[in-house]
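Following this message is one structure expressed as structure tokens.
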Amino acid sequence: MNLSELLIELLLMPLVAFVIGLGMVLMMRKIAARLGRRIGPPLLQPIYDIIKLYGKRTQISHGLIHEIGIIMAVGGYVAAETLLPVPGMNGLADKGGVITLAYVMMIPSLGMALGVGQCANPNGSIGISRALTAMLAYDIPFILVIFGAAYVYGTTNLADIIAIQQQQGVSGWGLMQMPLLALAGMLALPAVMGKQPFEIYIAPAEIATGPMVEMSGKFMGGLFVMQCFQLYTAGVLYTTLFLGGGAYWITFLPKIYAVVAIPMAAAMLFPRYRTEDVIRLMWKWPVLVGLMGLAVAMK
Amino acid sequence: MTPLDQLLLLSALTVVVPLFTGNRRITGPLATLLYTGQGLLLLRMAGLGYGSETPVSSAVSLQVLGLELHWRFDALSWFFALITIGAGLLSSWFASGEWAQRYRDSGSSLRLFHAALALNVFTMLVLLASGELLSLFIGWELVSWASFLMMSLGSNTALRYAMRYVTYAFAGAMAVLMGLVLVYTRTGSFEFQAFRDAVPSMDADTVWLLFGLFAAGFGVKMALLPFHLWQAKAYAETPGPGAAFLGAISSRMGLFAMIVVLVQIIGVARLVELPVPFTFLSGRDLLAWVAVFTIIFPTFTALRQHDARRLLAWHGIGQGGYMLLGILIADDLGSAGGLMHVFNHATYQAVLFMSVTAVIHRTGTSDLNKLGGLVARMPLSFLAMLIGIIGLAGLPPMNGFVSKWLVYRALILEGSPLLFLGAVIGTLGTILSVYKLIHNTFLGQLRLEHVDIEEAPSSMLWPMMILSTVVFVTGYFPGLVLDWIASVQAAVGLPVLAHHLGGVHIDKGGLDMIWVVSVLLAGFGVGALVFLSGNRSKRVHQLDNYAGGHFLTADTRYQYSDNFYPGLMHLIGPWYRKSFRWLEGGFVSTVDTVSQLMQGLYRHTHPAFYLLAVVVFALSWVMGGD
Amino acid sequence: MNELVLMVALPLLTAFLLPVIDRLSSLAARWIGPLVLLLTAIIGLSAWSQTGSGAITIELGNFRPPLGIDLYVDQLALLFALAVTLGTLLLWPAEGEQRLRQSTLALLLAGSGSGLALSGDLFNIYVLYELIAVVSYGLAASRGTAAGQAATLRYLIVSAFGAALALAGIALVYQATGTLNLAQLAQLAPTQLNNGQGLAAFVLMLVGFGVKAELFPVNTWVPEVYATAPARVAGLLAGVVSKLALLIIVRLLILLFPQPEALTVMLVLGILGVLTGELAAWRARDFNRMLAFSSIGQLGIMFIAFSIPGKAGVFAGLAVALHHLVVKPALFLLAQRWGGSLEHLAGVAKGSPLAAALFILLALSLIGVPPLPGFWAKLLVMIHLLEQQSSLYALGAWIIMAGAALEANYLFRVASSFYRREAAATPPAAHRTGDLAGASLLGAALAAAVFLIVPLADRIEAMAGQAADRDHYIQTVNPEPLP
Amino acid sequence: MSKDLNIWLDDLLGDIENIQFKRKSSRRVRVDVGSEALPALLELLQGRASYVHLSAISCVDWIEDEEFELVYHVWSYETRSLVSAHTRIPREPGVYLSIYDLYQPAAFFERDIHEMFGVFFEGSPDMEKFILTEWDGPPPMRKEFDSEAFVNQHFEWEQYHPQWLKDLEEEGGGVTTRPEDIRL
Amino acid sequence: MSKLDNIPVRHQPTEAAGRKRTNPLAHVFDELVKFCQSRSMFMLHYCTGCGAIELPPAMTSRFDMERLGIQPMVTPRQADILLITGYVSIKTLKRIILTYEQMQSPKYVIGICSCTVNGGMYWQSYATAKVLKDYLPVDVYIAGCMPRPEAVISGMRELMSDIKSGRAQNWKRYYENYDHYLGNQQKLFGEDWQTPTDIIAEARHYGLMTDRTLGEHTALLEKHQRPLEALEMRLSAREKQKT
């Protein structure tokens, strides 16, 4: 794989991720609408929102760190996408394994936290403190699942993990080999994606959408782009670990959308949990199931 | 006069020079020059760091009471010496500019501070150069007393905490001495080699006893869990640059000694065979679990601190756990991770302490509830703290990530999920508390009284900038540090890590930081492009803020800083029961009551009665004898 | 060679003549004491080189040993004699209006002390021991306060009772062997004294002489006497006189009672001494009392050290004894002004930085911080203790370690209070130049020992070897065989 | 049960002189009392007759009689009946004493009346502006204050008379009476 | 009321359609942005008066504004449309102006209910502002004493077509003749009225200054306005003397 091919891949993967991410955002809003017996937004609504936000004539910024925060948020995920192998493009999977990916996924939230910090808005700070607590909550089962998968496959390189699962076909999938770990992953997924029951940090009425309180125009646009990447990364990582990852696109896309659709459908029916309930929930069931899965997988 | 002797001589000179130049302004720069001299002398022995040279021994050797003392430098001591002299250099540079003036005006003596710092560096070099167990112990005692001197330079409370440290340190030293003498009686000499040859023949109980004594003795200095209460307060109260130095390297001397004794001599393999009765754990697992709990408990205590220095000091304890955990895994990845974490932690802990001292220098307080919004007035200190906290939290662009990645990769390969989980809980706790630190100090609402403060003086900024660049560069090219570590692994007898400039290449998932960080920077570039595609944004005043239709005014303080993680504290609040402080209190009160009992003996009781009792007892025992 | 007898005779003579001299001219009376001590010290030093090769014995009045009294002078004895004379010179207690009485008592102390160190005859030892006891009563009560009188009275009772026990022990020995000369006793010991009666005699004498050597059960008098007596006297008692008593016990141990049971008795009492001394000192609120308890602890360590059989035990014990001999008087000299409760010592370093620095140097050496000689002594004791491969000795080692940790705590609690920012309400007065000079002299000696550690160690080892060699003792004295 | 309570109340109020009391219905009683006797009456009702709840104080501006009428509505949970005590105070000094010590909620009602009618209640904890913080004109609820005149003087109107409205009016449609001609 | 059939229908505006197409690609990007702005409007969830009760039915399943791309947003920073629903009391007008200035343009104001047109049924009240237009530029009025959700949505569609055709430029008028608006506001709230947003600096920043932006009312404001320039990062005191 020579350098130029790799560079093309590095350019292509984020774009692909962005487009699929937009589809996921649309699907999320459609599911939410359909559950409320509404028609839901038109097909290209996420694109319209983003273009409108970037097209805003005036924007306010609270300082250089506010701008750098948004740049880190979008840039962090662009870098994270290159670590996620997709059919035909392995990107940097072998350069940094799944642990590196888990850490690179933390950079955008830290960047956003810095940006919101400089806005000097109490709502923002409360939102960020809740977001970081939620991250502490969901990262423990998430890391357990990653450890289990890395141990069972014996490697942290995602490209190898896909290859191993592809060999035995469907029976080789992570889901088949370690069902409990897959279940734990699925339980933790809504929190990783930061969706409904676990998005107390965007509580609109209570703290005016928390971190996004002072985001206008291109800042808000950046966060919408980040949301697409967030959904995409969570979905693709789960598929790579448990659903045999991407061999060809036609099987890969339905898998990702299915993986993302399940938690979203469940999510829209729940009210938001308080922060301590998020932690209690995330540390109780997913961790329990995860540990059992680990015990089974490691014997 | 071998290079080692020259180094030790110059280091001793650095101790003497401040005593003469005294409180004048020249002391700081002069001391910094002397440290650079020491650094150059150390670099002359750089071969040690790259595995090419054999250990450099010192010409001096003593023959006392039939015991032979000699000193030598090998790759391990060279690596630690590099960090020590680097930290000493930058701390004294930090302490030589405006800070020195302020310190002197506040009535404390600059002579004593620089002498104490130099003494610390000298004693650490002596410890690192120890050739056998006795000189190791002598160096160990000198280091603990030198850091006692450094800690007691602060206010009265500093004296109290330094006093508490001395009790812990000396008790630990007594345990180590006991261990030494036990070894001497078994092997007949204090040589490392003799001890190493005798280990296989020792039965399990003696190895348990030695392991317990050495682990406890050295653990006190490393602030392992049961003995960690003294460190946070003592380091927080030490004057600014002193805290930066102590935080960076002082408690790693315990790790050095532990590597020398537990890893180099007894060997981790032997520890694995030591069974803990009634459990499936081995000696190594026991220490690994102590290390993991040392990661978790202090980090979550740091979360609750509202004084910046205390928060950082508690993190110093927490990060020590990673180093020990890494070394205890003892394969090429884990030990490299543990050793590299020593270097990484020294760099970002020093820069964090320095930036907090700069904030104290300008605003007068380090209480997180009284600061806020300083990024507008102290941007470079903010940059230094930002790079420091990304390092401390172990996130990719900085070097903290590489060492944590190595430790995690080793834990995965070795297959111990609970240790892995404990370490990750520690990392997440760190991320939470470091964000609280930077948010409450630099971000948020700038208070009225801080509107016209200035950036830290240049004498403080230069060390911070140098350290931040070191943190970033060694994160980008970890190979630079991994070379030294490979030679250390070779010297200590651990499997050597195959590495290249970017990181580690293993077929089952390696790490190439050059690619990861370049992609990250490229990602930031793309993010910037996407960001700049929008129209120009306008900077607004901090009062032009959404507050639910309320008109914000400058005199109201709306910064959210107290009880920063209410949700988490709501859940785990009751778990903070200060059980370790209760344990320490319990021990002290038992000693107190027993001492009261003994004093009762000497009150005006009837002495004659005692005499009679003893004699009758002795006679009966004797008469009974034949 | 006979002038060594002068070391004993001269001070006693001047002590008796002093009232007469005082009537002639008070100036002479004031300076005659130190002068005489200086003279005796010079005599002693001159004899030092001769005893280097082998011990010498002096028969008083040329009567052969079983009848006459002989002085046995080897390096160890001469060292202690010199220690007594120089100690009394350095800690010359005579000041204030009772100068005359105190100087006579001091001279008596010096004379009887050196006599005790040199004498080779058991009964002679007992007599001189009684003399020293009487002199110490006089000196201890010399301050004249009510508490002082009460403390000295209690001390008198214990000491007298102890002396009686010692006398009973000597009687048992005489009854068993028929002689009181140490050399002859050494010859007869393996046969006569190797039984229960011998051991009983040893225990009686151990407890008897132990009173002065601050042995565990009988040292209840120590805190009060040192707290109320003038600091210089306390320094003398704790520093010098207790070592003499210890010397006697060691002599008995080596020559008369080499049985293991004797060693174990001493070891047990030593361990208890360290335990009670260090723990009691932990709560001490008064500077003198703290030093008293600390000296009990240190002497406990000496007892443990000497209970190690053979040359190693004597070597280790001697090292600790010499180190304590230098440190304790210096501390008591500091106590001259810093006497009272510890609270009012807060922040005293600003007033007298030299005294505070000195205290820290002495404390560091006392707890055994490496470069200082205290560490080498403690290391020696630890090594030899653990070489015995017996659990009791190992227990002794653990107790010494714990004691050192405790000692570090309470000594440095005081030391760190010196450097507190705000001074105490009633700061102590500045030290008198005499005390400070004496203390810094001893401090300097300690610091010099750091660099001269190697030659010092060899010299002490030679001394211990010579002292522990029984048949060398017997040959030099070579008493006539009993009829 | 409430019938005999009402009877008991009627004769209780009956034997108090110079008050007129009229029972409007089984659960409504109106009492007219002199301004100085009102607090005593309320204390009596609160203490003895279980009228513990002060639901409102209302004020009526009798501009012709130069008087304000203060109506105190007190409610009893046991008898589930309302007593409204009417009293008249002269308009000019417009000062009356507060019943805050009897009923704490009175503070807000008095504050509101002070703001709207300008009646000053002595002893009331807080007489600051409450709702009309932006208003610095006379108390607006008083009859002599002409709101419409104030509005015409301070506010301009949108002269909105576009062509389509003119066509509409020519056809006879549109607004029947002009805003300025409307009288209530 | 007159018969329903001859209620007047607004005639189509003329000048937008007339623009001749010079270079098809010249404005394609602007066309796209305008199209997206019209298809994705964020409505500020801020009910100033009684008319707001009509908005939930417009958002929920029966009428579903989301299919038009309209989402309720919580903070003015993220919102494009400010719905002034119902009577505008003077106290509320202060908050409305603050919120309006915190919104980022292109921003639109929709006056729902007739109280915003000319005072509505509270035209006599001393406490309400009668003509909303004087205080901030309004794009669309939706008459009715609480118009039904269909009317609200038709108003929204009206605004969408204005945006698409580029006529909805009223937000510029606030910058261009800020003095007029400020004068009216000062008349109502008194001389020392000021908001934390620095409109004059924003106008200068975005190049929307005209001669009508500054006048005697802004001069009044300048006299007592608190300094509102942003906290620029600076390294040391030297720059302080310079500014």
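Chains: A, B, C, D and E, in written order; residue numbering restarts at 1 for each.
By our rule, contacts are C-beta pairs under 8 Å (C-beta built on N, C-alpha and C of every residue); 3 or more make two chains touch, one makes a residue touch a chain.
Just so it is clear, the structure is predicted and the values come from calculations on it, not from any experiment.
Novice: Just how many steps, at minimum, does a route from subunit B to subunit D need if it may pass only between touching chains?
Specialist: 2
Novice: What chain lies closest to the overall centre, CA atoms only?
Specialist: Measuring from the global C-alpha mean, the nearest chain centre belongs to B.
Novice: If every chain is reduced to the average of its C-alpha atoms, which one ends up farthest from subunit D?
Specialist: C
Novice: Using each chain's Cα centroid, which is most distant from the centroid of subunit A?
Specialist: C
Novice: Where are there more C-beta contacts: B-E or A-E?
Specialist: A-E
Novice: What is the distance, in whole Å, between the centres of subunit C and subunit D, each centre taken as the mean of its C-alpha atoms?
Specialist: Taking the average C-alpha coordinate of subunit C and of subunit D, the gap between them is 103 Å.
Novice: In whole angstrom, what separates the CA-based centres of subunit A and subunit B?
Specialist: 36
Novice: Between subunit A and subunit D, what is the gap in Å from one C-alpha centre to the other?
Specialist: Roughly 61 Å, centre to centre.
Novice: Would you mind pulling out the distance in Å between where the CA atoms of subunit C average out and where those of subunit E do?
Specialist: 99
Novice: Return the residues of subunit E touching two or more other chains; collapse runs of consecutive numbers into ranges.
Specialist: Only 75, 77, 202, 206, 230-231, 233 qualify.
Novice: When you check subunit A against every other chain, which residues touch at least two of them?
Specialist: In subunit A, 55-60, 62-63, 208, 213-214, 217 touch at least two other chains.
Novice: If you look at subunit B, which of its residues touch at least two other chains?
Specialist: Within subunit B, the residues that touch at least two other chains are 373, 375-376, 446, 536, 538-540, 542, 544-546.
Novice: Can you name every chain pair that touches?
Specialist: According to the stated criterion, the contacting chain pairs are A-B, A-E, B-C, B-E, D-E.
Novice: Going by the contact rule set out above, which residues of subunit A touch subunit E in the complex?
Specialist: Answer in residue numbers: 29, 33, 36-42, 45, 47-49, 51-52, 55-60, 62-64, 204-205, 208-209, 212-217, 220.
Novice: Would you tell me which residues of subunit C are touching subunit B in their complex?
Specialist: Going through subunit C, the ones touching subunit B are 154, 157-158, 161-162, 165, 195-196, 199-200, 203-204, 206-207, 211, 217-224, 261, 265, 275-276, 279-280, 282-284, 293, 364, 367, 369-371, 375-376, 379-380, 382-383, 386-387, 389, 397-398, 401-402, 404-406, 408-409, 412-413, 416-417, 419-422, 453-454, 457.
Novice: Would you pull the subunit A residues touching subunit B in the complex into a rising list?
Specialist: 10, 14, 53-63, 65, 67, 70-80, 82-83, 92, 94-100, 103-104, 106-107, 110, 113-114, 117-123, 125-126, 128-130, 132-133, 135-136, 139-140, 143-144, 147-148, 150-151, 154-157, 160, 200, 208, 213-214, 217-219, 221-222, 225, 274-276, 278-280, 291, 294, 298
Novice: Spell out the part of subunit E that touches subunit B in their complex, as residue ranges.
Specialist: Contact set of subunit E toward subunit B: 46, 75-77, 95, 98-99, 102, 195-198, 201-202, 205-206, 226-237, 240.
Novice: Quick check: in the complex, which residue numbers of subunit E touch subunit A?
Specialist: Those residues of subunit E that touch subunit A are 32-33, 35-37, 39-41, 45, 60-61, 64, 66-67, 69, 71, 73-75, 77-78, 80, 104-106, 202, 206, 230-231, 233.
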